[in-house]
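Each chain carries a letter (A, B, C and D) given by its place in the written order, and its residues are counted from 1.
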Amino acid sequence: MISNLILFQIPILLFVIGALSGLLSRNSRLARPMIFVPSMIGSIFTIVFSIGIITGTQLKLVIPHILPLFDLEIFVDGISAFFMLIIGLVSFAVSLYSIGYSKEYEIQKRISAFGFLFNIFILSMILVVSSNNSFFFLIFWELMSLVSFFLVIYDHDKEENLKSGMTYLVMTHLGTAFIFTSFVLGYVQTGSFSFDSFRHGSTGFPLLVKNLVFVFAFIGFGTKAGMVPLHVWLPKAHPSAPSNVSALMSAVMIKIGIYGMIRTIFDFSGFGASPDFAWWGMLLVSIGSASAIIGVLYAVVERDIKRALAFSSIENIGIILVGLGLSVVFTSFHLTAFAVLALVASMYHTINHAVFKGLLFMGAGSVVSVTHTKNIEHLGGLVKQMPWTSLLFLIGAISISGLPPFNGFISEWFTLQALLSSYHIPSTILQISIAFASLPFALTIGIAAATFVKLFGMTFLSKTRSKNIVNIKEVPRSMILGMSILAAVCVLFGVVPYLGTSLISTAFHMSFQQSSPLDFISVQNSSGKSFANLSIPVVVIILSSVSIAIFGFIRVLSGHTKKTTYSTWDCGFGSLNERMEYTPTSLSQPIRAVFKVFFKPHNQTEKESFGENPYLLKTVKVETMIKNIFEEMLYTPIVSSFVFFFDKVRKLQTGKINAYLLYIMITLVLLLLFVRLSNNG
Amino acid sequence: MDTIQFDILTISGAILLIATFGIVATRGFMDWLNAYRYQSIVLSGVTAIIGYVTGIWEIYIAAGLTLVIKSIIIPKVLTYVTRKLEIEFKLETNPYVSIRASVIISALLVALSYFLIQQIPFKADQIVNAYLPVSMAQFFIGLFVLVNRRTVLSQVVGLLIIENGLFLFAMALTHGVSLLIEIGIFVDILVGILISSILLFRISRTFDSLDVGKLENLRDD
Amino acid sequence: MDSVITVIVGLIQVLVILALAPLLTGIIRKTKARTQKRIGASILQPYYDLLKLVRKDEVISDQTSWIFRACPWINFTTMTTAAFFIPVFLAYTPFGLVGDLILVIGLFALGRFFTMLAGLDVASSFGGLGSSREMMISSLLEPALFLSIFVVAITYGGTNLSTLISASSNSSFLPHPQILFAAIGLFIIILGETGRLPFDNPATHLELTMVHETMILEYSGKSLALMEWSQSIKQIILFTLMINIFVPWGISSSILLSTLVIGFLTFIGKISLFGIFVAFLESSVAKWRLFRIPDLIAIAIATSMIGIVLCYL
Amino acid sequence: MDNLISNLTILFLLLPPVVGACLITILKKKRVIGIITICAASLMLVQVLFLVSRIISQKTITAFGNAFYVDSLSAVILLSISVVGFVAALYSKNYMGRQYDNGTVDDKHIVRYYQGFNVFLLTMLVVPIANNLGVMWVMVEATTLVSVLLIMLYFKENAIEAAWKYLIIATVGLSFALIGTVFFYYANINTSPSEDAMNWTGMVHNAKLFDPNLVKIAFVFILVGFGTKAGLAPMHTWLPDAHSEAPTPVSAVLSGVLLNCAFYGIIRFHIISSVSIGPGFSNQLLIILAVVSIAIAAASIYFQKDMKRMLAYSSVEHMGLISLGIGFGGLLGIYGAILQIINHAIAKPLMFFASGTISQKYDAKAMSKIKGIIKVMPVTGILFLIGGLALVGMPPFNIFVSEFMILSSGFKSGQFVAVSIVILFLVVTFAVFLRHLIKMIFGSPLSEMKKSEMGKLAILPMAILGSLVVILGMYIPEQLQILIQNASTIINSGGFA
């Protein structure tokens, strides 16, 4: 038996080795294996370690007095290990993928710093989930943000990337300020920065403090997770980053925000089974459904493939939050079984989203790396040149759309069941609100499928829409392999939900009734009958047997028929070309029109005509744009009011020494008067 | 006896204030220097009175030093430095607040200093009672001159008023117990004046003017 | 032994759905023809069409990929699999433990997902047009459907169809006024899901109006047969659900030959009546403009929401 | 015997700059004087380290009767002076050499620069070790005079303007500080006339008996006075001018150390005032000024065009933070404030050095003309980035630790309004500061530039400071912890550890 501690140290060591060898590789030919092989092995060890923790005992470690007052405390329990498992799983696949993907950087001699940052990024995420002291938690948390920021602006020649990087960094820092406040409230109550003291002392906090701890942590971690309306950084940062980094960020990093929320709610905030806390859950549910619907609405009209995926991350975070919120509501009303159901739903979706979003971002990265464009208006027809990438992307797309029998369906099924179980809550107003919250939720699932029809269809199917995209080849084998791992997990977690449920219930120390892979997942209703059942393995058996049967049946029925290939019907007008195809913008036009209140779509038309006559047009360029209501209604006013304030303040520094002396005089007199008057009174 | 002594103290303080007002009320540099010289002479007289009242002999030395440095050396230095300057540099043409208003504001500042000082218990120390508000008023007036005037020269004068106030203040409160420190302060002031003279010179050479309005390049707005 | 019989009955239910699906389409078409003062084709015509199509050679567009070719099979498989979970003339099905109503919706969605992709795959603007409209309609129908299911599931205690239909067959809907609202909602949704008027006109080939047909425009031969058949299966599944949830009269609640036969006969009767009703309705309304369809769906959502409120009050 | 060692320690501490200045005056050789300064500074550093080690074991040292008094608080300031002085001396060699090559300065200027530099160090060294508060004031005033001379070294228009404003404002400000000092002295002799009435030790001893009203008025004068010198808003107005126009090594010393020396004055009187009337009053004032400073600094950074000016405003912000830590009080806050003094003294010179190097390379101070530093000079770029991130309080760099402590103590002391405003403005500062920084460091240079660094001697001081920034962010040596601990105890519990 290797002890847990050593297993914990090995991956850390490996990531450090990866980081350093990245720096030392000096962009040589060996750079890629030197960087990514350690990170792959490190990820494997992370997985092994986390499974060891989930099935075995917790790890606790204290290194005192590194800094005054703060001890470096490490604590890995099932919850941490669960998230560590996600980190390990995705980073393994991404590392493998990166061997092929980062060849471009090797050619450009820029891989050294990338390798360093990449390894440190994964390491920082592992350290965040395993730290047990608010100070060190924040250090690793900010390290994670910082390193990911550098990765986001890795292609820093583009001004746009710098801007999105800045937005990201500032938003995440704002979030950190809230997290800090939440922790400090705990410190003020307990007098210690250790999470242990929060854990033990939190039940004794006054209710107001408990509420504040929760709200601040929710805002702080929610910023990182990308919940609405703090999501603005996410659709900017993820497309700017190199795709393997986007995969890590979207699949894993934003989940760390979820981790933080779970930790705070269930560990530090003194949360308990009392209706006082039901509003926490309702807050989570409402913000979650808002995030889900808003995220997916932006995703469906998006033309940038990576930004669409980023918006879809916001949507999925929303779904996770809904599950989490329901769990909180159920717990506060002492409905343990349903709380478990909702938490399983939420966590199942967490791991699912990590897997399929990682897969999709890698797929998008493959597309971008061969076509050099992120705009799906220019893509199309890649399924012929890139059969593997398209197949894997399709698996990801089906999974994320929540279609059976892949993993997305399972978690959405759980979440829907949790929503339906809300009728157990002994409060009519909550029942009705949750029922209404299921409206945006269901809308989300519907539009998500549309989004991925659009993304997959426009990218991979029919004919290419741009003449520049020629000579496309399938991506290198390592990239395909990296994607296949996650695709396999998608299928596995879809077909055998027992894997997921048992993982979650063991990690979170809950009892969930499913006892074997073939056992039915079931939800009981109030009269003890089965409310809902699901057994995906059997469904898969039915699906496959039906398909075999029907294939045989049709074969017998049809006898021998021929297949002829001919061009698509063109209404007899002559050959179809790519300009006649439906474009992504027109594909999503109906949805844009239906939700025009939200999108406020408007066209900008530029006409160029021959000579004087305005009717003899040479070119017409029409651009369809939507308004980003969050930036316009929320962020722009805030920023401009700050700038207004800055502008007023800078008037103080007039350059006139007389004014400066006057300030001193006024300060002095005011302070003296203050003393004088406070003494009289 | 005590009342007489107190009257002397009060009257000398009043004379000092009047001398200070003289600086506020004048426009030309030479007038200021003269007013400053008179003020310094009054100041050394006041110092001598303090010496007489407290009976500490070091204060006489301080009084002598004041007389020498402030009424002779500093005016000399300033005259020497500004001798080459053209005459319009030495005239304060447009202060932010007119001379009349300045005098009124100075009076208000005197009132303010009395108001602020009231709360401090003086243990019936007559010297402090008499001179502390006066010295405070000098600070504020000096500061006001600095704020109000637009030429570099008048700012130096403002600084000098503040220093005089400071000196009186220190004398009144401490009766000059630590001579070493007094001397340190003197030296500092002297060096300060020297450096500001150098700067004055530089400014007139570089900017061809002594208007602080020229010194507004470094700013944010 | 019991369970074996149950499974057999369950399989029979599946076969009944598969077999009766074209018939329902035939009934509707015949009724519509009669209302339009036409004689119309025989109600068995869909069967002849399928047989003919299956035996024909196929023409496939050279722009398409394997997705286009796989789509009919996937569609048919998902619809057939969905049929396993539907109680038809027996109030429960042995496969009730395997999947519930949400899975059925999921399977429909999977089929539709591929249909939309296939529409895009042919690289003509028709396909894109159909997929685009289908995207809008389906993404709006989804929440409406879920809300009406919400009402039904909470009223009858489950999304498990066996539980649900057993419960509905055992109780009158009089104490559950919300069920009426859910029924209105679900009816509108079913019209949308099956592509009937006023959502879509299955009989037209005019690009201004058609939705579903555009996506399958390039199909021919047995692919087209499979697409048509699976569409009718979806239709009959939804109609069955509708009648079994809201008018479960006569459905057999146990495996007795007599009740089963009664159940089967009443089922045939109810579904035919329902089909005729739908056909009459279709004859009396025109196809709505595409952007008025959300209004209709909004009505479905609104009625379901009233249903939810009634559930809890 | 012990007394003798103490006397010698102090003597040897003050000797190197004196000797250095004398040697420079005698030799006047451009090549030698730089090295002399480096030697003097390194000797001083060694002396300070020795002194600090003695302080850690003995807690206090008095020398020459009662004239010099060194405790842990002084030791912290001494440490920052000597470290910054040393790296600034190192940096000066390269920097002034290049300025000479440019033709910006001539031989006479260089000699004057090094003389001034040594005297400047000397005056600053005396500030924290003088027991007599009058002497302390004299020395603070002396630093002003010397630094004015250093700022106006170039005789450029802007430098003269900055020097003038600095001189007038600092002198006026410090005269208030003198008033405050004399008030305290008056309070002391009124309670117990004694020989050491002007000494800090004596004052703290009697502070309980002081008249509260007098102490309040006196502290207001002290705060405004030394606050002017320490760059607390709204008396900070001279600071951006002076810091941006001085030669870069001088800017580093001004910003990194001189502000600390002035703030040291406030701390000393804060202790007396706390002992006398309880910490509530002075804490309140400190917090008010701190909040104003942080807000104004945050707002001013946004529109900055000049790199060094921006750094100067960041100094205002950090002085605000130090003041905030002291004001919030409690061991945690004070500990944070003292740590912040050290951290700021490390990070800010790093930034000034880097900005000086960058300005020389790009031949510009305007930030709009500087782009793509990381491509042109990767090492400097990375060090500049590290320094900048440290300044905005990003972990894992050092200032995060102290900011964390200060803000925590704010919550602990119940100053929720103040701490919320401060957190808001810290985030704002973070955004506006990094916005400038990122634009400079990343991207591509506006014109083709050769990729090269500015020489090893320019990198070395930055590398030293940069590594300190990183190391202190994650690990503080135990010796230093003890020192800071003792210093905080001095502030927290009335003057003695």
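The rule is simple: a residue touches a chain if its C-beta (ideal position, glycine included) is under 8 Å from a C-beta of that chain, and two chains touch if they have at least 3 such contacts.
These figures come from a predicted structure and were not determined experimentally.
The chains in contact with chain A and with chain B alike are D. Distances between chain centres, each the mean of the C-alpha atoms, put C farthest from chain D.
Chain A and chain C have Cα centroids lying 35 Å from one another. The distance from the centre of chain B to the centre of chain C, each centre being the mean of the chain's C-alpha atoms, comes to 99 Å.
In whole angstrom, the spacing between the mean C-alpha positions of chain C and chain D is 78.
Chain geometry summary: the mean Cα position of chain B and that of chain D are 31 Å apart. Shown for chain C are the residues in touch with two or more other chains, of which there are none.
Touching two or more other chains at once are residues 164-165, 168, 172, 176, 213, 217, 240, 300, 303 of chain D. Multi-chain contact residues of chain B, defined as those touching 2 or more other chains: 116, 119, 143, 146, 155, 215-218, 220. In this structure, the chains touch in the following pairs: A-B, A-C, A-D, B-D.
The touching residues of chain D, counted against chain B in their complex, run 132, 134-135, 137-138, 141-142, 145, 148-149, 152, 155, 157-158, 160-165, 167-168, 171-172, 175-176, 178-179, 182-183, 185-186, 189-190, 197-198, 211, 213-214, 217, 240-241, 244-245, 300, 303-304. Residues of chain A that touch chain D in their complex: 65-69, 135, 138-139, 142-143, 146, 153, 156-157, 159, 162, 165-166, 169-170, 173-174, 177, 180-181, 184-185, 187-188, 193, 642-643, 645-650, 652-653, 657, 659-661, 663-664, 666-668, 671-672, 675, 679. Those residues of chain C lying in contact with chain A across their complex are 51, 54-63, 65-67, 73, 76-78, 80-81, 84, 95-100, 102-103, 106-107, 109-110, 112-113, 116-117, 120-129, 131-133, 135-136, 138-143, 145-147, 150, 153-154, 157-160, 162-163, 217-218, 221-222, 225-226, 290-291, 294, 301, 305, 308-309, 311-313. Taken together, the chain B residues at the contact with chain A in this complex read 96, 112, 115-116, 118-119, 140, 143-144, 146-150, 155, 212-213, 215-221.
Of all the residues in chain D, the ones that touch chain A in their complex are 164-165, 168-169, 172-173, 176, 213, 216-217, 220-221, 223-224, 228, 234-235, 237-238, 240, 285, 295-296, 299-300, 302-303, 332, 335, 339, 374, 389, 394-396, 400-401, 404-405, 407-408, 411-412, 423, 426-428, 430-432, 434-435, 438-439, 442-444, 473-476, 478, 481, 484-485.
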